[in-house]
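Per-chain residue numbering starts at 1, and chain names A, B, C and D are given in the order in which the chains are listed.
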Amino acid sequence: MPTMTYAEALCQSLLDTCEAEPNLIFIPAAFGGLSPHAKSFAPFYARFRDRIYPAPISEIALCGIGVGAAIAGLRPVIDVLSASFLYQGIAQVVNEAANVHYMTDGKTRCPVIFHAMQGVLPGEAAQHNRCLSAELWNSPGLEIVLPASPEDAAGLWKTAVASPNPTVFMDHQLLMGMTAEVPAHVEPIPFGQARVVRSGRDVTVVATLAVVERAVRAAEQVEASDSISVEVIDPRTLVPFDEETIVQSVRKTGRLVVADETIRSCGVAAEVVARVQERCWGDLKGPIQRVTLPDVPIPFSRPQEAVVAVTPEKIAQAVRLVARYQ
Amino acid sequence: MSALREVLRRMLFMRRFEEAVIALFERGDFEGHYHVYIGQEATALGALDAIPPTDYMYTTHRNHGHLLARGADPTGLMAEILGKVGGLVGGRGGSYHAAWPEGLVPVTSALVAGNIPQAAGTALAIKRKGTDQLVVCWFGDGAVEEGAFYETMNLSAMWKLPVLYLCENNSVPAPYRAMGQYPSSTHAARSLTDVVAPFGIPGHVVDGTDYEAVRQLVTELAARCRQGDGPQFVEARTSRWPGSYGLWPAQTGGPFDVRWVWEPAGAPEEVREWTASSDPIVLLGQRLAAAGQLDPEGLSQLDQEVKGEVATVVEEALAQEDAPAAQTLAHVFADR
Amino acid sequence: MPTMTYAEALCQSLLDTCEAEPNLIFIPAAFGGLSPHAKSFAPFYARFRDRIYPAPISEIALCGIGVGAAIAGLRPVIDVLSASFLYQGIAQVVNEAANVHYMTDGKTRCPVIFHAMQGVLPGEAAQHNRCLSAELWNSPGLEIVLPASPEDAAGLWKTAVASPNPTVFMDHQLLMGMTAEVPAHVEPIPFGQARVVRSGRDVTVVATLAVVERAVRAAEQVEASDSISVEVIDPRTLVPFDEETIVQSVRKTGRLVVADETIRSCGVAAEVVARVQERCWGDLKGPIQRVTLPDVPIPFSRPQEAVVAVTPEKIAQAVRLVARYQ
Amino acid sequence: MSALREVLRRMLFMRRFEEAVIALFERGDFEGHYHVYIGQEATALGALDAIPPTDYMYTTHRNHGHLLARGADPTGLMAEILGKVGGLVGGRGGSYHAAWPEGLVPVTSALVAGNIPQAAGTALAIKRKGTDQLVVCWFGDGAVEEGAFYETMNLSAMWKLPVLYLCENNSVPAPYRAMGQYPSSTHAARSLTDVVAPFGIPGHVVDGTDYEAVRQLVTELAARCRQGDGPQFVEARTSRWPGSYGLWPAQTGGPFDVRWVWEPAGAPEEVREWTASSDPIVLLGQRLAAAGQLDPEGLSQLDQEVKGEVATVVEEALAQEDAPAAQTLAHVFADR
């Protein structure tokens, strides 16, 4: 299997899907963002230039254009660049796209893809670091995809393009350079199937996007230092959500840490906690711990940013805490 | 002219239909906020008679008239308003979200300006596919206050999309309907057509109570639009029906009486001035009468027929089951 | 003590605060919405006409104008009517107003009030029934106020006007006609102090806004039918959040139901669950139950709406369920 | 003219300051995306020299030049960019959110058009208080693509708010700077000033590389604005510095060399054309030279002084502590 970066694998998937789906268009396209790996998408830009519409800075109109184009048979990808900018257009995402199929009693489909990069980036400060997973999950009708590995990016992208539903596909600038072996031909990865990134017996850690890798590092740390065996699970899609894989894991380990880059209150971690405590009450040896951004805007200052960041160290600390539950 | 008689009949049907809606609401047959199209009937008919059923249409919270003029089944619309299983969208949308996907009215946003970028998106799909369809996009003067409107004007002008933007300014006093500037209390522009000019979108004012004027203008603009000229903007001016002044529609002055065509002064005071100057049914009826095409008896008979039809619509819609509880969780997502 | 409706009590508070605070202005003002009790606000409209700016339908500009006006010393109230319309302007709420004080290291204050009505109303269907409490709680920097009684509306309003921070004040159209005894002079009610609406021994129910009354009705039902003694707690403000009162109650009852009108996933109830399971693990006799809107848009159809609604019956059912925990 | 020599000095200071910023970033002294004002220096100086420090100002993601021209402490700004404790806003905002509350630059939004309604809100407060202040609101040509811009134009025109909207169109080829239409690839309007006209807001084009032209125009408009005439809109046209073409600023062609004033052809190829036609320092330097007010030696000496000052700024800023971790949770909310 060839080794590829996340950006390369996603680019290959863009090429494959554009080839297979002539109605796939992009308004605009800024894959990789400011990452040095943005240049890995050059083959896509070169080959499918006619699929890409450069666009003004008009998030709400672009999101709405995506809705209308999808309704009429295109497969539009609306790229709002950073998830932070999705707020400007969110009315069309959560209160239009998400409702179309339901409001028409299943008669109209709206297979638009909203694409954004999400996650805290160094030095991006309060306004450019917003993570919207939770707001989107709180809005029924949207599929939410958060690929954390090169193969997942490629495979989930294929499923997103084939989806009959509005889908929010969010990648992470810091993952663009991540390398892994990727099959020459990546198959579509079904939504709603979590990935057990790492097996373990003592503690379950649930994480998405860039936090998955940090959870794995935390797991390696605590295994080495404290002989705690950690299972790391990446749900990969929040909607649909693979509750079963997580429940099975917690039934085994009896301990859960949820690590996530959304703000703490009403964040993704809160939802995972609420579901698991209900399903796994008898199996849990102690309360579920959350490792999240605190209820604080992201500061620019490096040492301040470090205080709020979701790091392997903080995940490891939470794992050690829950490991003590008997 | 005999064609105009048919137009009058359709306007009368819309009017009786919406009077029935008001009565049903007041009787408690449905809940929620709703909006009626009374006074704007000529606009929808004029515009939609100018475009074929193969074009797309997006409407708003004030959609009853657009859907009826488009040819949607009145019983389906009434059932939708009542939340019945045979509603146009299964009783799940209600008046706010009445739509007619089979008739290329794919979905109805009840948010001001919500549908405008959607219409542009559908026009983009059309352009990419290379058919000669276009998209009719209805909205009120209020939508011109929303940022989404401007963003979409810019984009659709740049991309030369085949959209007809039909803005219904329903708050214009009668003397200003046909021409000239007309300032709005919530817009700094002296005329709404001015705001699209900088984007290179042609703007046109038309008297929205005049079926023929609307039809003629839209016919011409649709041709230009289909030709690849890009979007066109129409401000259709009508005057607000007194029953639509409050927070809720109210049958101010009682139901419309066809005798007001001959004697608008006979209308109750609350609606008298509006009836004489701004009711499109009265205005068209008077034209037909003046041309010898309509007499009181004929109109009365027409009205009886229409009332009968509407009564049947109401009866059939009321007879349907409510959209079933068992289906509540269906269609959040489409199946793969 | 005089008996007043919620609308009358809030109107009196508007009059008092306008009198006391000459910089208090309203852009626009639509108190009471479509409720028949909207007319109770007539004294306010008559007396303070010069404080009210009629405005176009321009949510994002109006919210931003609120930010700038507050920064320069006014106390602007930006009324977006329905919480559903807040999506159109939310970028200025969650990514501007909320960040101002933090981004300026505490140098600039932004005491804007965003006012909206929130909660599911009969027949309002998918787009007009959005409840944004959770999205707002997920955005640090905003105070969130949800008054559930006439006195709370009046007293919390006074505190909102005196707040140096951006505050989202959301009332509920269905509460406008609620009557209660209200002191002739209502004192400001501090934020972050929950109200124990009803004391009980067996089960704690946490609810906000219109759901508080439904929780009380559920409590009365189950007390009568099953002799279950229910404590109902209304946090009144989500930010700041009075965790202590709830924790104390759960320590006593050992059982918790959270009933809320935000959508289930990542909703307000999820956050309450996540906090309480962590703080009260040893005291809880069983998993916390949530009674929320499911992950489904709100249908128009009456029987369908009834399926999704947060009702006293559903709360009572959840209470009976948790009451069985030993 | 000797005043213009001082302007040249200030422009040079800005330039060296931002060259230092680029060097610090490249060295890894701070992280995050940032934007430099190179090529637009004359605009900020011309405009802000025309308004007193008692007026409010809102800036953008490209704020360094606005803050320096406004008189903010350069060390405070540099410390902010570096996230230091003595930064203008405590090192918490960085380049994106550099602001100067004490200097009536209350907060800086880095979202395109984020500051526009805020400026209008501050103008509303001014109008209500009845002082004769105004608000200067900077933004780029990109902001004219956002709906929030149009909504705010409408509101501020209706309410006749005292705001000067200063739109910096920094993507204009040199020949189009001073006058005439200039189309943008992402806007359908032939000129950005056209889009405000329907709202009744006067629009003005000015060459943003010409300090005196900007100053004169803004002086005049500020007076009108203060008089109660309502908002004014200026499109200040500059030409993009080659170092600002990529995703990140880059010191393309090496640091500015003052000898290019006399010999722009001596500049490295990457920046040669821009230097000759569009660099406001070169253009002003040449004017001063032609008037006998500047010679190579004098300029070189000026440059040495400025470089020394900037070096001190950098040194002092770098010497500060990082904004402390212990303060991370402070100021989410203001105390009552």
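Throughout what follows, contacts are C-beta pairs under 8 Å (C-beta built on N, C-alpha and C of every residue); 3 or more make two chains touch, one makes a residue touch a chain.
Just so it is clear, the model here is predicted, and its values are computed rather than measured.
S.K.: Identify the chain pair with more contacting C-beta pairs: A-B or A-D.
M.R.: Looking at contacts between chains, A-B has the larger number.
S.K.: Going by C-alpha centroids, which chain is farthest from chain C? Tell me that one.
M.R.: Relative to chain C, the chain with the farthest C-alpha centre is D.
S.K.: Let me have the rounded angstrom distance from the C-alpha centre of chain C over to the C-alpha centre of chain D, please.
M.R.: 42
S.K.: Measuring centre to centre with CA averages, how many angstrom lie between chain B and chain C?
M.R.: 37
S.K.: Which parts of chain C, given as residue numbers and ranges, touch two or more other chains?
M.R.: Residue numbers touching two or more other chains: 55-56, 58, 60-61, 84, 88, 91, 95-96, 102-103, 125-127, 140-141, 294-297, 299.
S.K.: Spell out, as numbers or ranges, the residues of chain B touching 2 or more other chains.
M.R.: In chain B, the residues touching two or more other chains are 90-93, 97, 109, 111, 114, 145-148, 151, 154, 158, 186-187, 323, 332.
S.K.: Which of the residues in chain D come into contact with chain B in the complex?
M.R.: Interface residues on chain D, with respect to chain B: 145-151, 153-154, 157-158, 186-190, 194-195, 197-201.
S.K.: Where on chain B does chain C make contact in their complex?
M.R.: Checking each residue of chain B against chain C gives 30-33, 83, 90-94, 96-97, 109-114, 142-143, 145-148, 185-187, 247-248, 322-325, 327-329, 332.
S.K.: Of all residues in chain B, which touch chain A in the complex?
M.R.: Chain B reaches chain A through residues 56, 58, 87, 89-93, 97, 99, 101-102, 106-109, 111, 114, 116-126, 128-129, 135, 147-148, 151-152, 154-155, 158-159, 323, 330-336.
S.K.: Which part of chain A faces chain D closely enough to touch in the complex?
M.R.: 34, 38, 54-61, 84-85, 88, 121-128, 294-297, 299-304, 306-308
S.K.: Per the contact definition, I'd like the list of chain A residues that touch chain B in the complex.
M.R.: Going through chain A, the ones touching chain B are 23, 25, 53, 55-56, 58, 60-74, 76, 91-92, 95-96, 100-111, 140-141, 143, 162-165.
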